[in-house]
Structure formats: structure tokens, C-alpha cells
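First chain A sits with chain B, and in the next complex the same chain sits with chain C.
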Partner chain A sequence: MPGRWRRPLASLASLAAFLVAWKVVTVLTGTPDYILPAPEVVVDRGVRAISSGILWPHLTATLAEVVLGFGAGALAAVAVGLALGKSVVVERALSPYIVAAQAIPILALAPLLDIWFGGGLAARVLVCALIVFFPIAIATMVGIRSTDPQLTELLRSLGATRGDLISRLEIPSALPVIFGGLRVGVTLAVVGAVVAEWAGASTGLGVLINIANQGLFDTPLMFVALVWLAAIGLVFHGLVVAAERRLVADR
Partner chain B sequence: MTAPRRVSILVLTGLLLAACAAPSATVHPSASATASAAPLRAVRLLLGFQPDVQFSPFYLAQQAGYYADAGFKVTIEYKSDADVVRLVADGQAEFGVADATDVMISRTSGIPIKYVSTLYDLFPVALIGPKGDVPGPTNLASLAGKRIGTPGTYGSSWHALLAILDAAGLKETDVKIREYPTFNQVDGLLNGDVDLITGFRNNEPLQLAAHGMAVDMLTVEDVAPLPGPGMIVGDQLLAAEPGSVAAFAAATLRAQTAITANPQIGLDAAIAVEPTIGADRATALAVLRATIDLWRGSGSAPTGAIDQGVWEKGYATMRRLGLIDGSVPLAEMIRGVLTGG
Partner chain C sequence: MVIRASDRSSVRPATPGPESGLPVTVRDVRVSFPTRGGGRLVALDEFSMEVPAGSVTALIGPNGCGKSTALRVIAGLLTPDRGTVELDGGAAPHPGDGRVGLVFQQPRLIPWLSTIDNVALPLTLARVAPDERRTRAAEALSRVGLAAAVQARPRELSGGMAQRAALARALVSDPPLLLLDEPFSALDALTREAFDSELQVLWMERPLTVLLVTHAVSEAVRLADRIVVLTSRPGRAATIVPVNLPRPRPVALAGDPQAAAIEAQVRDALAEVRPAELVSWTEGVA
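Entry: the complex of A and B
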């Protein structure tokens, strides 16, 4: 088998095995659909949700929150992580706030942010950005500090400026660690979007989960929303991995 | 072994272990009770969200021995409304409390539960606003354009709002709806973010009064009657043990009747379960008195009976609103086990 087919085939085999196991569980236990729907029931419900058009507004709302929240959070986190990595004073000054913000459950903070920021998209993007910020900022700081000091001295001796050191040495050498933070952050962005929607929104996959669960008692539809959330996480994680392969390989 | 293979095997193993474990978790409670030597039958009662003075009949029935007299050892647990319905239907819990409108929707979705006794004679949700700003039954059309705060587009608050708008000849797009998923619509009304809110008649008006706001209410029964919350059981349990279900409902009604006559004993029972309820006894007692008014409706005491007429009107309203499709007849949703039901 050609090497390039191995990975996708392994993924497909894994997915097939998961679906078979899921089906086996529902058959063996006789669990009703309102507790654990079988995979084909979820697929059927998903097709009907797409064809009826009820899925799209929720899907696009969540996608917008994830993209904007991850983008804003990642940019801010890399900038702050860089400052933290370069300056012990900045780290001492900011770290307590960053750690405290991370320690506060976002579930408790989201309703307040919803009130403070007018209950619109901005509030939900901010929740997403906050949840992705910490792992990326810390990864960036750690990555910057792991730069080989001998290489730093070498470049300095060749006349490199402070900007040269950052752009040509420290950031490139920190990239693998930063991408580790981005991988974690992009999946957290999906979680953040759902939490933000639960705190205050009229559309989004998190809202659809609530409507399906508590309004329609439609467990298969709830699973459809969960599957889409998982798919969004997988796709964005894949994009980050692809960017990592390209940028880290080119380094 | 490659990483994907390891992951697959872990997933499969986990799911297969779950498959082996699941049947023991779904054993019908009556089977385990039969096997038990204990004189009282252990049952689970599921209530919504968290301890509350409104649940005082269940606390009193447990503490005063009414449930024991009826042959039950009751464990009270708190779940989301949706989980109450599912777990009772699946036989993982014997009894639960649910909104009648949720019973109609869940039953239509194929969830095998039945509403067996009425706990609230009146639908507890109303449209609430500053005094003079709430339309009455004769000028409902003035609701058009109002900003209305509600927890979300599901549940009893949403059903009440839709029913009122329907009675006014309006659609949800004729008003501006703002959602408060964390149930803080009172803040929205106090801040002036919305003109009106949906809220529980035995709760939100008292909260607003505490902030100095005098309020008016438009109740559901004024314009579009809907049945109130009640006790639910799974079809399987009701078919197998109708006598047990009736005995449990009667024990709960016994406590409701005692509290109606003397609300203080209900408050004390609630405080025994959740001491923080006693932090402001006056407010808690006011909530309980307002709740008692909802239990008994126009009568002098709650009866637990199911009002067929209100259910028929509510069923028709829910169909008109598109919340149920009529595929499941009303007779499959209710089965009264107390006098007059």
C-alpha cells in the first residue's frame, strides 16, 4: 500500500470501528433512541436537519465565533507570550492575572461577559478568545525561552538587532511549541463558542443542543449538533496541523 | 503498533465495556426492589435543578413519613427537566415532576411517559412587567413591538409566551425577544433592556418587588389555558403497578394538603433539606404562599386531579403553535391516578 494512503485509511478504519462499536452498544443494551440513538438514526436526523434548513443558521453562527475568537485570542496570546518570554518583569506583572483568569471557570464568567458586552457576537467572541488565550500564551513564552543561547550569541556577534533575533531566531525556534499551544487552543475555541452560546445567544450549535435537548426532547438532533461540533474541532485542528507541517518544515 | 490503531482499540474497548455494564444500570427498579428484603420499596424521585421551597411537599412527605406509610423509601435527586423526563421514561427513576407542555412534546417525540397527577392547578409562568405596562386580555394586540425577555426558545416560559402571542394574533417576529439563558431576565427588566419578561408567578414578582418595582402580570389562563406541572411516571411502571403510582401520588397530595393548611411546616421541611432557604424566612414563606395559590387554583386545596378540559385546550394550543403535531392523542399523555383524574 502506498505510504500516502496509510494515514487516511487508518483514520477511516478507526471511524468505521467506532461506528460499529456504537451500533453494537445500542443493539446489545436495547437502549432507546431518546437515551442513546443508533448511528443511523443520527445520520437520518442529520440529513433531515440539513434539508429542512434548521442546521445552517446555528452552524454558521458557531463557525463565526470559533474563527473570530480563535483568531483574536491566538494573536493576543502570541503577542503576550512573546512579551512574557522576553521579560521577567512583564511575566511577574502579568502572570498572576493570566493564571487567575484561567482559574476562573469560563462557565461562570460567560454570563457576566454577555451582560457587560451587550449580549452580541462580540461577547461570544471574547469568551472564545479568553479560553484559547492561556495555552497559546504559555506555549509561546516557553518556546521563546527555549531558544538556544549559543545561537543568540552567535547572531549577536554577527550584528543582529533585537528585531532580527526575534523574527529570525526566537520565533522560528519556538514555532513547534507555539503550534502545540495552537492545537490545544483551536479545540478549546469550539468549547468556548458553546459556553458563550449557553450564556446568551439565539443561534449557534450550543443553542441547538439546548433546543433539541430541553425544547424538542429530540436526542438524535442533539447528537447531530455534537457531531458537527466535533467535525469543526477536527477540521480546524487539521488546518493548524497542516500549517505546522508547512511552517515548521520550512523553518 | 501505530498510534491510530492503539486509539481505535482503546475506543472499542471502552465502548464494549460500556456495553457490558449498561444492562446492569438499566435493570428495572421493581426487580431490584423485589429482591430486596427491606420492608420499604426504594424509589427515586427526580425534581428540577436544585432544592427549593416549592418542592416542600416532597420534603414533608419524606420527613413526616407519608411516603413510608405508603410503602416507599424515597431518594430525591435534582436533574434538568429534560433528564427528568428521559430517566423516568427509561425506568432509571420511578417518579418525576415535569411541565405538562414538556410532557406533550416529549410524548409526541416517542418518549413513553405519562402525566398522572396535577401538582399545579394553574400554569405558573406569566408575562410580567412594570405596573400599567402589561396588556390585559382585552388589549393583547398592544404587545406588538414590545421587547420581551425570556430564558430561551424552549420550556414552559417559551410555551407560555407563544400561547399569549398566539392569543393576541401575533407571531414571535412581531415582538423583540431577548434571551436570558441563565434566567436573569429580572435584571434585564430592572435595567430597562426589555419591557416585559416571562417569569414564574410565585418568584419573579417577589424579586422585582424587593427591588421596589410594582408589577402587573398577564397569566396564561387569562387568555390561553395550559395545564400546569405534575407528576410523571414511565409507561412500564404505570402499566405494571398502577396501585403503587396512585399510592405515591396520594402521599404527595397528603403533604401538599398539609402545607396548604399550614405553610410553616412546608417551609421548615424545605429548610431541613436546604438550610440556606431559611436565610430569609419571610421571602421563602412568601414564595411558598404564592406557590400554594398555584397548587390549589380556584379551589380551597389541591386535589391532584387532572382537568381534562384544560388539557384539551392546552393540547389544541400546542398543536396550533406547531409544538406538537397531533400524532399522539391526548389520551396517551395523561392517566389520572387520583380522584377525578
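Entry: the complex of A and C
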């Protein structure tokens, strides 16, 4: 077996094993579809949800929240993490608020933000951005602090400006750690989107789960939404990992 | 990788520096650092020395005597409490002015940059155009015999090669003054000897003012025209030993009676300035 096929085959094999195990459980226990639908029931429901068009508005709403929330949250987190890492004074002044904001469950904060920001897309993006912010800001701070002081002295001896130091040394050397934060953050963005949708929205995969659950007892449709959420998480995580490989691996 | 002078006659840089480097004068420098206890540790005091234009001067002294501090003051990385440093009778060098090439004990290459980009770093920071900096970095790399490693990453270089790259980086802006801070102490003996030989060829080709900080007496004798012995802390120039040996000096210099006499002279000077804790424990027994 050529080595390059090994990894994709391993992924496919584990997916197949998972689906088979799922199917076996439903058959052996005889669980009805409204509690645990079999995989092919979910696939069938997914196909119908796509062809009837009910999936799209929910899927695109969640995608928009994840992309915008992660993007805005990550940018802000890298900027703040840089300031925290560079200055002990900034860290002393800001970190209590950052930690406190992280300690308050986002579930409790989401309804408040929904009221403040008019219940639109902006409020939901903000929830996503908030939940994404903490791991990335902390990773950036730690990464910036771990810059080799010998390299800092070298760049200073060559007349580097503050901007040179940040762009040519501190950010690149923190990059592997920052990517660790981005990988955690991107999966949290999906969680943030669903929490925000539950706090008040008319579209989104989180809303679709509520519709399927409360109005229709359509458990297969709930599973369709869950599978899409997982897929969004996997794809964006994969994109972050791909970016990491391009930017960091070559060292 | 042995390089001969004849191989490199065609790689003179586009903008040659001053023919024989520039002289450095250090006058009455004092440097102190704050200590944990709130006091101040005086690293250098009443430190004065001359580095004549085009000469190779070695600065030698016991550990902690302020050799590296002296080098940082001359490089303009550290402002002394008192005293002055003059390059060519004018202002002291300051970071980024391209008048000083600095080689540290460790290569200090940036791990994510290729060798040539590392060597070009001083030019990049000086906002030199990309084409020109590639040309000049390639020239600097061939001067130190690393032309084949242009695209290599620092982790792919051996210790000796990495230190050559660091030397190329120091030479890339064609500085009139080269400062070397124990640049070979992390290398094995054989690599060190090869490095010493090549440095001499490099200096004979294009003389520049060199200040070498070292704690190896034999290396100082092999490389330097003058050896300045520093007292233990606070450091002060105690003795100056001239080294009038013909160049290039061979590796087997230790067998040369004249060289041996100079070495003995330096060791005697060092013995006088050594700090109390280095006095041999056997001396107190009898």
C-alpha cells in the first residue's frame, strides 16, 4: 500500500467503523427513530432537507456567524494578546477583565448581548467572537513571551524598530503557539454560533434543532443539523491546520 | 570546506569599505548594573583602550571581568554610566548604522529564514532593495565558504557552518569594525582551528579593524596583533601584550618559541589579575 493513501484510508476506515457500530446499536436495541435514528434514516432525511430547501437558510446563517465571529475574534485576540505579551502593565490592567469575561458562562451572556445588539447577526457574531477570543489571546501572549531574548538582542543590534521586532521576530516565533489557540478557537466558534442562535434568532442550525425537537419531534432532522455542525467544525479546523502547515511546518 | 584566497578574488562587494578599517578609542568607561538587593554591580570602571585601524585586538580576562560588556558598549548596545567610545575620532557606533559587524558566541540565526535571508537581515532592516541584498548576501556567504548552503535552513547547518553564516551576516554591510564575542567557544577544537585559519585569510584579503573577546590564550596569540588583558571585576585594561608574529600563522603555533613566550607573558598577566576565588586550593595547604 503506497504510504500516501494510508492516512485518508485510516480516516475512511474509522468513519465506516463508526457508522457500522451506530447501525448495530439501533438494530440490536430496536430503538425507534424518534430516539436514535439509524444512519441511513439520517442520510435520507438530510437529502430531503436539502432538496426541499429548508436546510439552506439555517446552514448559511450559521456559516456566516462562524466565519465572521471567528475572524473578528481571532484578529482582536492576536492584537490584544500581543499587547498583553509585550507589556506587563497592560497584562496587569486587562487580564482580570479578560478572565472574568471568560469565567461567566457564554450561555448566560448571550441573551444579554442579544438585547444590547438588537438581536441581529451582529449580536450572534459577537457571541462567537467572545468565545473564540480567550484561547487565542492567551496563546498569543504566551507565544510572544517565549521569543528568544538572544534573537531580540540581535535584531536590536541591527537597528530594528519596534515594528520590525513585532513583524519579523515576535509574531513569527509565536506562530506555532498562536495556531494552537486558533485550533481550539475555531471549534469553539461553532459552539458560540449555536448558543447565540438559542438566545434569539430565526435562522441557524441551532434554530433548526429547536424546530425539529419542539414542533415536530423530527429526531432525524436534529441529527442532520448535528452532523452539519460537526462538519463545519471539521472543515474549519482542517483549514486552520492547513494554514499552519503552510506557515509553520517549514522550520 | 577549505577556501583559498584565489577562489574569491572575483567576489569583492559592490561597495568596498574603508581600506583598512577605522580606529576605536575607549576612554574612561564605567558601566554598572542594578542588582536584586538594590545596589549596583560595577562591571567596568576606568576602562580605556585603543583599537588601532586595521589591527586585530584580542580582549582577554577572567570570567565575569566585563569583556562582553565592553564589547556591547563599543557596539553601541549599552550606554556607559560615564566615559566615551569614539569610532574614527567621531561618534560611537549605534545599532543599525552599518558601521559595526557583531558576531556572538551563539550563531543566533532566525530558524524560519533560509541562510541567505539570515545573512541579508542587516540589509533588510536597513531597507535595502531586495535585489541588492540578495547579491550582497550571496557575496558574503561565498566569502565565508558557504556558497553551497544559500537555501539551507539554520537547523540543517552544523555548528561551524552556522557560525560562518553569522560571520557572513556581520560582514554583509561591509562594516569598518568587526566585533567578535567569543565566537568559537561553542565549536569543537578542529572546527575552531579551521575557522581561525580562514579568518586570517579573510583579514589579509581585506583588512578591517577587529576586536575579539576570548578566554583562550592560544587563540588570542594566533589571531591578534595585540592582546589586552582585563582585570577582574570591575574590568580595567591591565596589560597590553603585542604579538609580532608573521601572518598567516599556522595551527602548530604552539611549537614556535616566540609564540610560546608571548603565551607565557599573557598567562602571567592573567595570573596577576585573577579573582581571589580562582587562586588554586593547593596554595593554602602548605
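What we mean here is this: the second predicted complex is superposed on the first by the 249 of 251 C-alpha atoms of A that agree within 3 Å, B and C clash if a C-alpha of one lies under 4 Å from a C-alpha of the other, contacts with A are read in each partner's own complex, and residues count from 1 in each chain.
FYI, contacts are C-beta pairs under 8 Å (C-beta built on N, C-alpha and C of every residue); 3 or more make two chains touch, one makes a residue touch a chain.
Bear in mind the structure is a predicted one, so any value in this text is a computation, not a measurement.
Enquirer: Based on the superposition on chain A, does the combination of chain B and chain C result in a clash or a fit?
Expert: Chain B/chain C on chain A - fit side by side.
Enquirer: Quick one: the Cα-centre angle at chain A between chain B and chain C, nearest 10 degrees, please.
Expert: In the superposed arrangement it comes to 160 degrees.
Enquirer: Based on the superposed arrangement, let me know which partner A:65 touches: chain B (first), chain C (second), both, or neither?
Expert: neither
Enquirer: Identify which of chain B and chain C touches the larger number of residues of chain A.
Expert: Of the two chains, more chain A residues are contacted by B.
Enquirer: Where does A:156 make contact in the superposed view: on chain B (first), on chain C (second), on both, or on neither?
Expert: Touch status of A:156: second partner only.
Enquirer: Which of the two partners, first being chain B and second being chain C, lies in contact with A:170: first, second, both, or neither?
Expert: Touch partners of A:170: none, neither chain B nor chain C.
Enquirer: Between chain B (first) and chain C (second), which does A:218 come into contact with in this model arrangement: first, second, both, or neither?
Expert: In the superposed model, A:218 contacts chain B only, not chain C.
Enquirer: Can you work out, in whole Å, how close the C-alpha atoms of chain B and chain C get once everything is superposed?
Expert: The answer is 27 Å, the least C-alpha separation in the overlay.
Enquirer: On chain A, what residues does chain B touch that chain C touches as well?
Expert: none
Enquirer: In the complex formed with chain A, which residues of chain C make contact?
Expert: Within the complex, chain C touches chain A at residues 75, 77, 94-97, 102, 104, 106, 108, 110-112, 121-122, 124-126, 153, 155.
Enquirer: What residues of chain A sit close enough to touch chain B in their complex?
Expert: By the definition above, chain A touches chain B via 7, 10-11, 13-14, 17-18, 21-22, 24-25, 28-29, 31-35, 111, 115, 119, 198-202, 207, 210-211, 213-219.
Enquirer: For the complex, which residues does chain A have touching chain C?
Expert: Residue positions touching the partner: 150-151, 153-160, 164, 168-169, 172-173, 250-251.
Enquirer: Hey, which residues of chain B end up touching chain A in the complex?
Expert: Answer in residue numbers: 2, 4-5, 7-8, 11-12, 15-16, 18-19, 22-23, 26, 80-82, 85-86, 89-90, 102, 105-106, 109-111, 152-155, 158, 177-182, 184, 187.
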